[in-house]
Structures are given as structure tokens and as C-alpha cells.
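A, B and C label the chains in the order they appear, each numbered from 1.
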Amino acid sequence: MRIEVRNVTKRFGSLKAVDNVSFTIEEGKLIGLLGPSGGGKSTLLRMLAGLETPDEGDIILDGKRVNDVPPQKRGIGFVFQNYALFRHMTVFDNIAFGLEVKKVKKSEIRERVEELLELIGLQGLAGRYPHQLSGGQRQRVAFARALAPRPSLLLLDEPFAAIDAKVRKELRTWLKEMIERIGITSIFVTHDQDEAVEVADEMLIFSNGRLEQQGSPVEIYRHPKTPFVASFIGESRVLQHPERLIGFEEAVAGGGKSAIIRPEFVEVGLQRELSYPLSAQRGVVRQTFFRGAHLELEVEVEGNRLIAYRSLDREPLEPGAEVLVFIHRLYVLDESSAVLVENPLKTDPMPVHI
Amino acid sequence: MKGSGKASVLPGFGLSLGFAILYLSLIVIIPLASVLIKTAGMSFSEFWAAVTNARVLASYRVSFLTAFFAAAINAVFGLLVAWVLVRYRFPGKRLVDSIVDLPFALPTAVAGIALTSIYAPTGWVGKLFQPLGIKIAYTPIGITIALIFIGLPFVVRTVQPVLQDLEKDVEEAAVMLGAYRWRTFRRVILPELIAPLLTGFALAFARGIGEYGSVVFISGNMPMKTEIAPLLIMTKLEQFDYAGATAIALVMLVISFALLLLINYLQWRYSRRVQAG
Amino acid sequence: MAGAIHAQLSDAASDRPAHVTESRGVRIALIAVALLFLALVILLPLISVIVEALSQGWRVYVKSIAEKDALSALRLTLLTAAIAVPLNTLFGVAAAWAVTKFNFRGKNVLITLIDLPFAVSPVISGLIFVLLFGAQGLLGPWLASHDIKIIFALPGIVLATIFVTFPFVARELIPLMQAQGVQEEEAAATLGAKGWQIFWRVTLPNIKWGLLYGVILCNARAMGEFGAVSVVSGHIRGQTNTLPLHVEILYNEYQFTASFAVASLLVLLALVTLIVKAVVEWKSGQRTVESEGGAG
């Protein structure tokens, strides 16, 4: 199903939950709506489903304006955060529900339910009740239930929020595989970056009801277009005194500019370890944190506190150690845009001439 | 974590439990035991004759049938009232909600005389039915109406909290799967309400079979026709037939306790489902 | 019936979006039927008491209430309640404390026993005391030889009333205290507070509204009890008639207006009970809002 949202606004009281949002989603894509809580993503999802009505704007599915079409008629599957399984029905009856509504023949219903049970890997559990299943199993049943009537669009509202951390990872890999296998256009809402990045083909970033950016995870990560996206994505930190960093004095000159840095932009080490030791600055290690796969360092450079990673292969550094720090790049932000600025000194200032 | 008896941090276990048990023994257990003691004093054949004579059997029939129908009607309309109070908005809703408790707070004798005066052939409602040849007061119908009055709060107050706690998302899930209101109500909402409805029904029923004050005026107390079992007990007492009265009382107690156990069982089962679900 | 103070009726919850509620026509029809039912079943009797009581004018009304036997019935009713209600409150608090703050074997038995009077017909409630203390009862001869009258006298009336109304305070407090848990009390104990201190300063403020409602309800039922008292009282005019019994006597003597006049006092009592309940619900709803706001 192709989706077009045009200038949609939704108010709750005086609050604008969704503020003049427009975007298009092509058929067959797996889209993630990402943003902090209260950003409007769930409201937008529910408007697509017909569970909320836009105050302004149009929702167009496959070329048809559906604002006035009731949810029952939209041909959309919905997976809820807390599964919303029918407690008093078996797994079989839950999945069969949408087909019974359509008055499908009993034998066909049985076939379809069996097919779905196999797809989700819960064959043999057809006679169980929801309270006899684990959280992960319940969500898989919810998924099968939504898919049974063969919808053209699948919506998932924070589908993994209610699930244990370990199961969550397995489940989202499984979900991505399933959706790709079936090939259905899907949109899911999440506030977990890792989840969105791992699962989605394309992401839409929301904040305070506005659409900040739409693009593939890599694009958004590398080229954030607004200050919000730049600071929200990745382990970004705002720098207190960016003008004191060698190579960026000019980039942040002039009023109203701030800078954001990510650990992967920072190189920290002893002189012999650095790529551009002559353009590096002195810094002091303030704290170290063991992160399992690497060491995380908090380093102070001219009043700026930075986070950097250090491989465990290298000699460990202790708090108080003096190090050299080279900043490869920064995001420089003004009010409305974010620009990635490479360190202009990334050339050896003293080339060796032979 | 709760304190476990003696080893607990909190004081007063011995005192409070001791007092409670003492009180219960004096007020409840010993008096109730006297029923057993008295009936033990009768031979079995005496007992059997006392509880199965025609008039007594008729009184059981009157009490049970009227209580059953009243509780059934209350189940339907109680559900309706609870639904309307929880799901809709209308002027005066809070007032209506308070009124539902009136039968619970009003003395039974007052209810009795009020209902009788309304449904007697000369009363406000009785007047309307008289030309049709339908008598309400002094018939089982009148008794049933009195028991409907008494039992209504039991159903409404048992269903209301359950209805209030129902999550919206299951209804939305049904909607997304294509279901409209009637189907959603029938297959998603109603199954959730069966347990509280049964409990409310059982409570109203149990209250109804033992009810005295509100029924004794409107029933007319005609033996074999509109004499309820509690009244028969009263009559026998006035005639100093203690044995007879006690025998009937024992049968009613056994049935009431069975109902009480059933109600507690239903409530336990419901709470288990909710926690697991 | 667990704690009669139920969840607050919320208007916000009543504003359901169109896809999860009935169409306007259906809603209006259902509301109309429900209101009609309630008016017929509940309002009508209520109004009839007032109308009948005043049917012969204000003068006759006052006369009926101020009449000698009516006044002594009122006195007896008040006296009975004044004895029964405090005793039942004491029991209710003790039982609730034992049940909700501790774990012990037989707790469920205790709770079921507390529910007992609800399952017992009022007539039987009176009967059991007659069997115990009546002239032909188990303790009859002993009482007669000591010239102690229980049945057909105040003690019998009080006992029967206590039996019928003792669950009310306990049943209000138990779910309330159960929901509140033991943590505050345990914290106080670890800070060195003694038993009574813990109760007065920690538990009581938390349960005060539930306790108030339980007491008011217990009182309303104590004053209004009919069946049980009818069996034990002997209906001796001016001496062992409570207000409800007096209503019955007047009615049976065809003094309808007087009967309703006296009944209207009891109606007033019922209405006051309902008002207190509404206030308590409002207050406890407020308290929930406060505690959530404070913690958040």
C-alpha cells in the first residue's frame, strides 16, 4: 500500500500532538517512526489506522482519501504495545477472529490459521490461552492475528516495549525477517534508536509533533539535517567550548552556533598512536568506563568534556593520564541546520619532502 | 513483605486477632451453633417432617423462585445501568450513581411499606394495572419487584469496577480486524463481564431468599401462595414451635452457606484470571 | 461485596471515540431505558414515602413524629446504635489489622466468617439468639433464675443488631488497608514507634475516610435493622420497639400517614448515608490525585 500524508495536524486540547506533518511512503517498505516520547509518532500511526481523526490535512492510502473511512474498512493490520489479545479466546480463535468477521469458510480459516502458526513458529499451541504464553509468544500471536485477513498495510505501535530486553533483540530480528518474507508495507513506532536502525529500511524522526527528517538510517546518521536530529541520533554530546578545539575555531565563530560531537569522531591516545599527532591537542583522562567490548573514556580538552572509545587491545589508560586528542569532525549547528565539518588540519602540516 | 505472626516487626497481632476471634465466637459462632444443637435435639424423622410438609415446601418455592427471577432481571438491568454509568456521559450522572446505593442504605421496613403502597390496587402503579385484571401487590409478582429493589445494587456495584477497568485496546484490536459494535460487545466485552455478573447474581439471589422486611408487607403472606420462608419461621416462633422454626432455618442456612462459598469461589477465580492475563 | 467505595466515575473516560462506542441513537436509547428502570424501581418508592408522609399536611406529620411511642422508639434505636456501632468499629479495626498486616493460617476462614451475616436471613439472625437466650433456649433457665432478661429486652435487640451489622466496618477497611500494604507501618516500627503510636499516627490517617464511611454505613444498617430485631424484641410498645418496628406497627394498624411519617426519618438517615458516601469518594479521589502529583 502506498501512503501519503498531507499537512496533517492533530490537537489534544491546546496541545498539537501532530503539527503539519507531510510525507510519502512507497509500497513494500519497512518504515520506523522514531523520536522521544510524546513526539506524536503514536498519534500519527493511529490516524493512519483510523483510531484517531486528523483535525486538518489528508491521509491518502493507495490514492484514496481515507479520512472518513472507518478503521474496519481500511484493510490495515495493527499490532498493539500490550498485545491486546482476546483473553477469553484460544490462540486459534484470536488469529481466526478477523477471518470470521469476513465470513470466510471454516475450512479456509483453519488452513490460514495453521499457515500462520507455522510462520510464527507456534504450531501446536493453537489451543492455549494468552495467559499461558510468554510475552514473546503473545506478541507473535498478535502479529499473526493482524496478518490473518491479508491486510495491505501493517502498523505496529511500540511492539517490543512490553518485552524483556533479551527477548526483544531476538524478536525484532525475527520480525524484520517475517516482514521481508511476506513483503507487506509496514510502519512501526519506537523510541529505541537501536531498534529503529536495525529494523527499518527508512526512518522518520519526530519531535514535538513535527517531522524532523526522513531517510535511510545511514543517511540520517551521517547527514542530520536539523539540530534535533543531530543531537538525538547516536551518542551525541553538545560541546561547551568548541572554539577552543584546534581546527574548529573559525567554524564556530559568529553568534548563535553550537557544536555536537560523537565518540567516533574523537581519537584519543599517546603520541605514537595518533594519526595526526602534530595537529592534536593535550587532554586529561577524567574517568574510564569498561563497556564490555571497549573502554569508554571521558576526556577533558580545554574545558570540553568528550567521550571517546579505546580498544581493549591497546594499553589501558587511567584517570589522570595525559593524552593527545584529535577531533576528526564535528557537527556545527545553528538554529535550523546542522553541518558536518571536517577538521581542516587533517593533513600533515609538515610533509616530508624528499 | 507481611509480618508472619509472631516473628513480625509490627505489634498488635496477638491483641487484634485475639479480640477478633473472641468477638466472632461470642456473636457469631456460638449463636449459630445453637441452631445445630437445637436440631440435634430432634429425631431425624421429626426434622424431616418439619422441613418437608407442604406449607414449608411451598414457602421454599416462593422464596427461591421469586429470588431467582428478581436476580435474573437485576442481572440484565444491572448490567445496563452499570454500562450507562461507566461508558456514557449525561446530565445528573453522579446523582444517578449515588441513587443506585439507596436500596443498600434504606431500612427494609421502609422499602416494604413504600413498595406496598405503590403496587397495591389503590396505589400509583397498582391503579394502572387493576383495570387489566393484573394484581401486583399480594402476589409473587409483588415479591419479585421488592426483591428487584433490594438486589439491584449488588449487580451494579459488582459489574461497575470490572467494566471501568476494561482496557480500550482490545476493543480497538477488534475494530482493526473489522468488527463493529455488536460483535465487539458479544465476543470481546461480554466474556469479561460473565464472572462479575455471576457474582452479582449470586449475591442478589442469596440476599433475596433471606429477605424479610421489604417483602413481608407486599406479599400478603398467604400460606402456600405468597408466604416466604423467613416469614414462616417467624410465624412458627410466634406459635412457640421452636423446633419447626429451627428446622427450616437450618435448611436455609445450609443453602446460604453453599451460596456464600460459591460467591467466594467465583471471586477468587476471577481474580486469578485477571492476574494471569 | 468488597469495599463499596468504587473507582471514581470519570467524565474523561466517558468521552470515548466513535469507533469504540455505540452510535448516538443507541446510546440515547440505552440511557433512557436505564433511567426509566431506575426511576421506576428506586425513585418511585423514595418519593412515595415523602408524599404519603405529608399527605395529611405538615401538622399531622410533626404530630406523628413527636408522639410518645414514636419518640421512645427513636430513643431505643439511637441507644442500640450507640452501643452496637462502636463495638463493631472496634471489631472491624482489630480484624482488619490482623488480616491485612499479617499472614497466618486460617486467614481465609476468618474472612469468610466475617462475611457470614450477609448470607444469613435477618429472621434467622434473630432466631439464633432466641434459641440461645430465650425462655426455652439453651441458657433460658439459667437466665431466668438470675432474673436477667435478654430476649424481649434491650440486650437482645443490641445483640441481634451487632450480629447483623458487624461486617460493615471490617469490609470497608480490609480492601483499603490491603491496598495500602504494610510498608509505612514497618517503616514506623523500624524508627522505634510503639504499637498504638503506629496505629494512631500512621495507619489511622490513611484509613480515615474509609473508616468514616464504614461507620456511617454500619450505623444506617443498625438503625434500620428490621427482621432480626423483630424476632427478638417482642414488640412491646414503648419499651422494645425500635423505629422500624414502630413503622410496622403503625402500618398494620392502618395508620398509614403516621407510619410513613416515622419512616421518613429513616429515609432521611439513608440519604445522609448516601451523601457521606459521595463526600468520602470525592475525598479519597482527591487524595489519590494528591499523592500521585506529589510523587511525580
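Note that in this section a contact is a pair of C-beta atoms (placed from the backbone, for glycine too) under 8 Å apart; a residue touches a chain by one contact, two chains touch by 3 or more.
What you see is a predicted model; the values in this text were computed from it and never measured.
If you draw each protein chain as a dot and join the dots that touch, every dot ends up joined to every other dot. Here A-B and B-C are compared, and the pair linked by more C-beta contacts is B-C. Here the CA centre of chain A is 56 Å from the CA centre of chain B. Each chain gets one centre point, the mean of its Cα atoms, and the points for chain B and chain C are 16 Å apart.
Multi-chain contact residues of chain C, defined as those touching 2 or more other chains: 19. Residue positions of chain B touching 2 or more other chains: 172, 175. Looking at chain A, residues 51, 71-72 sit in touch with two or more other chains. Across the complex, chain C is touched by residues 1-5, 8-13, 15-17, 19-21, 23-24, 27-32, 34-35, 37-38, 77, 80-81, 83-90, 93-94, 96-115, 117-118, 124-125, 145, 148-149, 152, 154, 157-158, 160-161, 164-165, 168, 171-172, 175, 181, 184, 203, 206-207, 209-213, 217, 229-231, 233-234, 237, 240, 242, 245-246, 249, 252-253, 256-257, 259-261, 264, 267 of chain B. Residues 167, 169-170, 172-180, 183, 187-188, 191-192, 273, 276-277 of chain B touch chain A in their complex.
In the complex of the two chains, the chain A residues touching chain C come out as 50-52, 70-72. The touching residues of chain C, counted against chain B in their complex, run 1-2, 4, 6-7, 9, 11, 13-16, 19-23, 26-27, 30-31, 33-35, 37-38, 41-46, 48-49, 52, 87, 90-91, 93-95, 97-98, 101-104, 110, 112-124, 127-132, 134, 136-138, 159, 162-163, 166, 182, 185-186, 189-190, 194-195, 198-199, 217, 220-221, 223-227, 230-231, 243-245, 247-248, 251, 256, 259-260, 263, 266-267, 269-270, 273-275, 277-278. Within the complex formed with chain A, the chain C residues making contact are 17, 19.
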